[in-house]
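See below for the structure under consideration.
A, B, C and D are the chain letters, set down in written order, and residue numbers restart from 1 in every chain.
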Amino acid sequence: MEPGPHNAITDVAGVRVGHATLISGEGPLRPGEGPVRTGVTVIMPHGDSLFRHKVRAAVHTINGFGKVFGFEQVRELGVIESPIALTNTLNVGLVADALITHAIERDPDIGISTAGTVNVVVGETNDGYLNDIQGRHVRAEQVQAAIASASAGPVVEGAVGAGTGTICFGWKGGIGTASRVLPKAGGGYTVGALVQSNFGRAEDLVVCGVPVGREIKPPPRQRVALRDRAVTRDQEVTRDQEVATGKEGSIMIVLATDAPLDARQLGRLCVRVGAGLARTGSTLGHGSGDFAIAFSTAQRVAHAPGALAEMQPVVANEGKAMRWLFPAAVECVEEAVLNSLFRAETMTGRDGHTIEALPVERVVELWRRGRTI
Amino acid sequence: MEPGPHNAITDVAGVRVGHATLISGEGPLRPGEGPVRTGVTVIMPHGDSLFRHKVRAAVHTINGFGKVFGFEQVRELGVIESPIALTNTLNVGLVADALITHAIERDPDIGISTAGTVNVVVGETNDGYLNDIQGRHVRAEQVQAAIASASAGPVVEGAVGAGTGTICFGWKGGIGTASRVLPKAGGGYTVGALVQSNFGRAEDLVVCGVPVGREIKPPPRQRVALRDRAVTRDQEVTRDQEVATGKEGSIMIVLATDAPLDARQLGRLCVRVGAGLARTGSTLGHGSGDFAIAFSTAQRVAHAPGALAEMQPVVANEGKAMRWLFPAAVECVEEAVLNSLFRAETMTGRDGHTIEALPVERVVELWRRGRTI
Amino acid sequence: MEPGPHNAITDVAGVRVGHATLISGEGPLRPGEGPVRTGVTVIMPHGDSLFRHKVRAAVHTINGFGKVFGFEQVRELGVIESPIALTNTLNVGLVADALITHAIERDPDIGISTAGTVNVVVGETNDGYLNDIQGRHVRAEQVQAAIASASAGPVVEGAVGAGTGTICFGWKGGIGTASRVLPKAGGGYTVGALVQSNFGRAEDLVVCGVPVGREIKPPPRQRVALRDRAVTRDQEVTRDQEVATGKEGSIMIVLATDAPLDARQLGRLCVRVGAGLARTGSTLGHGSGDFAIAFSTAQRVAHAPGALAEMQPVVANEGKAMRWLFPAAVECVEEAVLNSLFRAETMTGRDGHTIEALPVERVVELWRRGRTI
Amino acid sequence: MEPGPHNAITDVAGVRVGHATLISGEGPLRPGEGPVRTGVTVIMPHGDSLFRHKVRAAVHTINGFGKVFGFEQVRELGVIESPIALTNTLNVGLVADALITHAIERDPDIGISTAGTVNVVVGETNDGYLNDIQGRHVRAEQVQAAIASASAGPVVEGAVGAGTGTICFGWKGGIGTASRVLPKAGGGYTVGALVQSNFGRAEDLVVCGVPVGREIKPPPRQRVALRDRAVTRDQEVTRDQEVATGKEGSIMIVLATDAPLDARQLGRLCVRVGAGLARTGSTLGHGSGDFAIAFSTAQRVAHAPGALAEMQPVVANEGKAMRWLFPAAVECVEEAVLNSLFRAETMTGRDGHTIEALPVERVVELWRRGRTI
C-alpha cells in the first residue's frame, strides 16, 4: 500500500497535530529544576469542539506498565471527546488537568449544567534519562500552545514535543508518523499512525527485516546515580539497571482512519499494532507500557443527540475493507517507529547524558548488504 | 457475619483513612471561585512506603463512565504502590499530581535512578450540583493533609472528604464504610469496604430489603441553569436533565482484606460489589461510573526483590474461605452505601442548591412496617 | 415498566423458544444410563438462516466457573450466527456438535466453500444432583426436536428443557422468562430475558424485596455418595459438600431486544444482569458460573455483505433509550428467575434425590406480611 | 537463548505430546465421508490426573475469530484441569466430549459426588481445504489414542495430528514446536511452544528476517466449488475467495514453562505470542483465529485443598526472570511456526487439492542471499 501525501497521520482528513517542546538547562540534574528535555504532542481528530462532536474510538493495552488517562470511559462509551495528548510519565496529571481547562474554555457549561463532565485522554512514556522528569515541566501553557499550533499537513518528527527526551532501541527516538491509503477495492480509506517511541533494546533493532541491531550499537549509557542526596538503605535499589532506566521503555501509538469503523472494529485495529512493533524488534518487554488509541473521523457523535437512534455508517465485518485495514495499521506502526528514529537528532540532557541519533547512513548500508551481516 | 470493631475498612489491620474537606462560600456559582463543597479521601493500605512495599491489588470497572487514574498498571502488575485517593471528577489530574509529589518526597529517586516511575491511583465522582467543580479546589495541600491525618480506628463518614458534595438516591450521600469478619471456618479474615456514594434515583432506594424510595422522596431539585454566561447555539444541551446532572451519579468502592488473595482473586472480589450496589436499588445506570479497587494487606511485594521467585501465601481457590469472602464483600458494600446515607447531613452549596439528609427516623419506621408500604 | 403480551422473551418480535425434555428412569444412579432428568432449550433470534443473516450480539461473563461454547467469536465479531442452546454441563460438546449439524443441513456449504465455518453458542448449568449427568443424554435428536418445536408466543417455564434438573435457592428451578416494554419516551422497545436457573443458597432467597429465605427452608439434601464404585485414595474428596454439589449452582441468562443496540451496547446490557440476580439474593458465588448473552433483532448482518460499508441503526449513547433499557434488563432478569421458581414442580431424580417446588402460597403470604418476618 | 535438548515443548519436564492422524480416501469430496486429512494433538502438562492436580494456566485471545472450548473457566480460576486438545474447527464439540469421557474414566466421581464437573480445553483451526471437515472424523477413539500415545521427548512435527490438513503462508503447515532455556541469571527456566499453524498469506512469509514470500510463491489454489449440490440463491457467496478458504487461516499456540508463574503472569506471557507471529509475517488477519494457552508445571493446584491458604512459589514481578521469559516465548513461537513449515510434507486432499511443502532448499538459499532479493 502507498502512503498518503504527507506519509503522516494528518493524511486522514481533518486530523491535526501540534507540539510544544521544552529544552532548557544543561549539566547536573537539579530535581524539580532541570535540565529540561520534554514536551507535549497533541492529536486532534478534528478542529471543532470534540466535546460536542465526539469521534468513535477505542483503546487497547498491550502491556499495561504505564500511566494513561481516560481509557475506562473510551472503553465504555466508544468515543473520544477531547484532544489526545502525549507527554512524560510524571506529567500526566498536569497535562490531563490542562486538557480539562481547555475543554472548559471551549464549552463553559462542562460540569455546571446538564452537560456532564469531560473525559480527556493522555498517554506517556518515561524520558527521565535525559529530562528532569520530577519537575513535571509541561504545564497548561505548553498544552495550550500545542493545541493552538496543531495543524493539518506535514508533521514534525523526531525529538520534538512528547518525543523530546525519549529513547528507542538505545538511539534517540521521538515522534514518528506514517500513513497508508487502501486500494479502491478496499474502499480507498486512509489509515495513519503517530507514535511516541521510547522502547526497545539496542541489539533487537530490525529495519525493514534487517537485524541492524546486531551490528551497530549505541555507546554505553552512563550509570544513573542516586546523586548527591542522602539515600537510606530502604531506598537502595538492587533491581537490574537496564530494566529500570527505561531501556525497555514504552510506546504510545495513536491510529486514525476515515474508514467508518465502529468502536469494536477500532479495538480490533488497535490489537494489530503489536505486529507493527514486533517488526521493529520489540518483544513487548515487561517494563514497556505499550498502549494504542484509535479513532475514526467518519462520523461525529453528538453530545446531545436529537433522536433515540440514528443511522451510522459502519464497515462490513466480512467485507473487503477489513482485509486491508489491518495490514495498513501494521505497516503504519512499523514505519512510524522507524521514522521516529530516522528523524531524531542526538540529544544531550541531564547529567550530560547523551543519546545518539541512529547513524542513518550506516543503517542504509547494512540494509543494502542485508542478511549477509 | 459480624462487623469488625469499628465496622470500617480500618478493621483490616494496618489500613488508614484520612479526609480533607473543603467547604467555603455560598450563593451563586462563580465558576473557578466557588462556592466550594468538595474534598479528598485517602485510603492507605499501610503506613510505610507503598512504593517500596507494594500490596497485591485488583481493579474492576462495572460501568466505565468515569475518570479513574492508574487502573491499567494495577491490571497488568497486580499491585498498588501509592495511597488511593478519591475526589471530584475534574480534580483527578491535580490529585494524581499531588500523589506523585507525595511519592517523590517519600522516595526521592523516583524517575531519576533505577527506581522507575510511580503509578498512583485516583477515583472520583461528580459533585457539581453542590460544588464549583470547575474550580478544581483540591490541591496538593489538601492531599498532603488527608495523608497526614490518615489513621486507623474509626472513620468519619457522611459529607466529608471526597463525599462532601455527593448525592445518593437523591439524598445527601458521601463517605461510608463497613466491615465483616469471617467465621473461623472461613479463616477469620476481615473484609472492609469504603465508598464514595454519588449514585441512584430516589425512587429506587432500598434499605435492608424495604423499598423506602417508593414512599419517601427528596424535594425536587433546582433546575441547573447555564447561568449568566453567553451560550452559543452549539453549546445548548437538549439531553435529558436528570441523566446529566449526576442524578445517576457514580460510585467508587475500595475493598480491603487481610486474606492472602492474589490479584486474580482480588479481581473476583471486585466483581461482587455489583451485587452490593444492587441491594441498595442500583440498576447500574448508564451515567454511573461504578468502579472497584481491592487490595490485600497479607503480603508486601518488594519494589526491588532480592530473588527470582518467592513463596507467597495464597488462598486456595476451592477452599472454604472463598465461600465467605464473596458474601462478606457484598454485605460490606451494601452497608457502606447505607452508612454514607445515614451519616450525611443536609448540605447547601452553589446557587443555593440544597440536598437533604435522608430522614433516618422515617426510614426506620418504614423499615419496621416493611413490605406493607 | 409493563411486561409484553406474554411476559416472555418471545415478546421481542421474531424470537422463538423451543424445549426438549428428557425424563426417564428412577432409583439408583447408574452412571451413563440414568435416571435422566435433563434437556435442552433453544432460543432463536429469528426463523431464517442465522448463518446467512446474523444478529448483533454480545456476551458477558460475571463468574466464569462454567463451560460455555462460542463466546470468543461473539466477542470478536459482535454477532451470533446460530440458535443459542442451553443444556447440562457435561453435554455442551455434544449439543454444540448437534448445532453444527443443524447449521450444515441448513447451509450445506459451511466449511466446504468460501462460506467459512460456523460459530455455535451453547450455555449450561450442572443438573447432576437429579440427573445422570455423566450420561450426556442430550443428543442431536433432542437438539433438532427443540429447534423444530421452537415457536413464538407463550414459553413453557419451570422444569422443562434445560431446566428439567436444575435447582435454585434450594428449590426446584428451571426455565423462566419475562419481558418489559419501554415507554414511548424510551422508544417503546421491548426487552426480554430467559434464564436457566440453578444457583443460590436457600437462606438467601429474596422475593420482591422480602427475604423469604430466612423463613422457609427446603428439606435437607441427601448426601451425595461416591456410590458403589471403588474409590481410590487419590479420588477422595475433602472439599466442602455444599459448594461442590451445585448448591451454589450457576445461571445462564439470554437477553433479547428489538432496540437497535450495537455489540458494545449489548455488552453493557449484559453487565446489568448482575443487578437482577442480586435482587433475588445472589452474591455471585465462587462456584456459580454466571453468564449472559444478549442480541438485538433490529438488524440482520449479512454473511456475505454486498458493500464495503453500510448504514446501521444504532441507539444514541446519550439518548433517552439507555435510561430505560438498563432497568428493563434488571427487572426482566429478576422476574425471570422468580418465574422459574414459581413455575417449577417438585422433581425426584437419581438416587431418589428430591427437590421440592417452592411453596408458592407460603411465599405469597410472607410477601404480604413483608419485613415483619 | 539456547533451545532445550529436544527443541520442543516437552523440554519442560513432565510435559507430554501425543497425536492421532487421520488420512484416508482421495478424490472428490463426499461431505460427511471423506477424503479425510485431519487429526488431533494433545498436550498434557503432566502424566497424573489433571483434574485432581491442576496446573496454573492462562489463555489469551489475540483475534477471536475461532471456536475454542474451556477458556472462560481458565480465565476465572487460573488453572487447567484436563489435557489440551487441538483439532479441526467443526470437531471441537466431539473432541471436548471425548475429553470429558477421558476425565470421567480417570475420575469416576466427576459430576456425581462433590467433585463437581470438569473443564476441558480444546483449540482448533480450519483444515477444510484438504479435509472433509463436515465429517468431523475425529472421535473419542482418536482422542484416546492421542492421549495414550502422549510421551515426553522428541515431538513429531509437520502434517500430523491436528496439523494434518492445515496450511501456513500458502504452504503445507502443521504442528511445530520449539523451546528456549533461560540463562542462569534468569533462573535457568525452560519455555516451550507448540503451534498448530494454519495462517498467513504466501507473500507475507518471513524466515529469520528474510521476506522469502516476496520471492517464492506456492502454486495457485484450486477454486473451491460449491460442488454438485443444488445451491439456492440465498446460499451463494459473494465474499472474497481468499479470505474465506482459510488462506488467512488461524493459529493455536500452547506455551509451557517450569517457571513458577501465576495465572496473571502466564497471561502476560500469552500476550507476547503476537510478536512471535509477527516475526513470521503475520498481520493478525481478520479471519485468523489466533489464540494462546499457557501453563506452568511449577506447582500443582489441588482439586480438594487441605487448607484455607497455602504457600505458592511465584516469580517476582520485578525480578530478572521476566526479562528473559518474554523474549523466550517470542523466540519459541517464531521458531515453532517455522518448524511446522520446514517439517511438513506435500499433502493432497479432497477434490485433488494439493498443498506443497515449503521448498526448504530454496528458502535456505534465499536466506543466505538475504536482503539482496
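Basically, contacts are C-beta pairs under 8 Å (C-beta built on N, C-alpha and C of every residue); 3 or more make two chains touch, one makes a residue touch a chain.
These numbers come from a predicted model, not from an experiment.
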Number of steps on the shortest touching-chain route linking chain A and chain C: 1
Identity of the chain that, by mean CA position, is farthest from chain A: C
Inter-centroid spacing, chain D versus chain C (mean Cα positions, whole Å): 31
In chain D, residues with contacts to at least two other chains: 63, 76-77, 239-240, 243, 268, 303-305, 318, 320
Chain C partner contacts - residues on chain A that touch it in the complex: 76-79, 186-187, 259-260, 262-264, 268, 301-305, 307-321
Residues of chain C that touch chain B when the two form their complex: 62-63, 206, 208-211, 239-240, 242-243, 248, 268, 271-272, 274-279, 282-286, 318, 320, 322-323, 326-327, 330, 367-373
Touch list for chain A against partner chain B, complex: 29, 31, 49, 52, 61, 63-73, 75-77, 89-90, 92-98, 100, 104, 107-120, 126, 128, 133-134, 136, 224-227, 229, 231, 234-241, 243-246, 287, 289, 291, 303-306
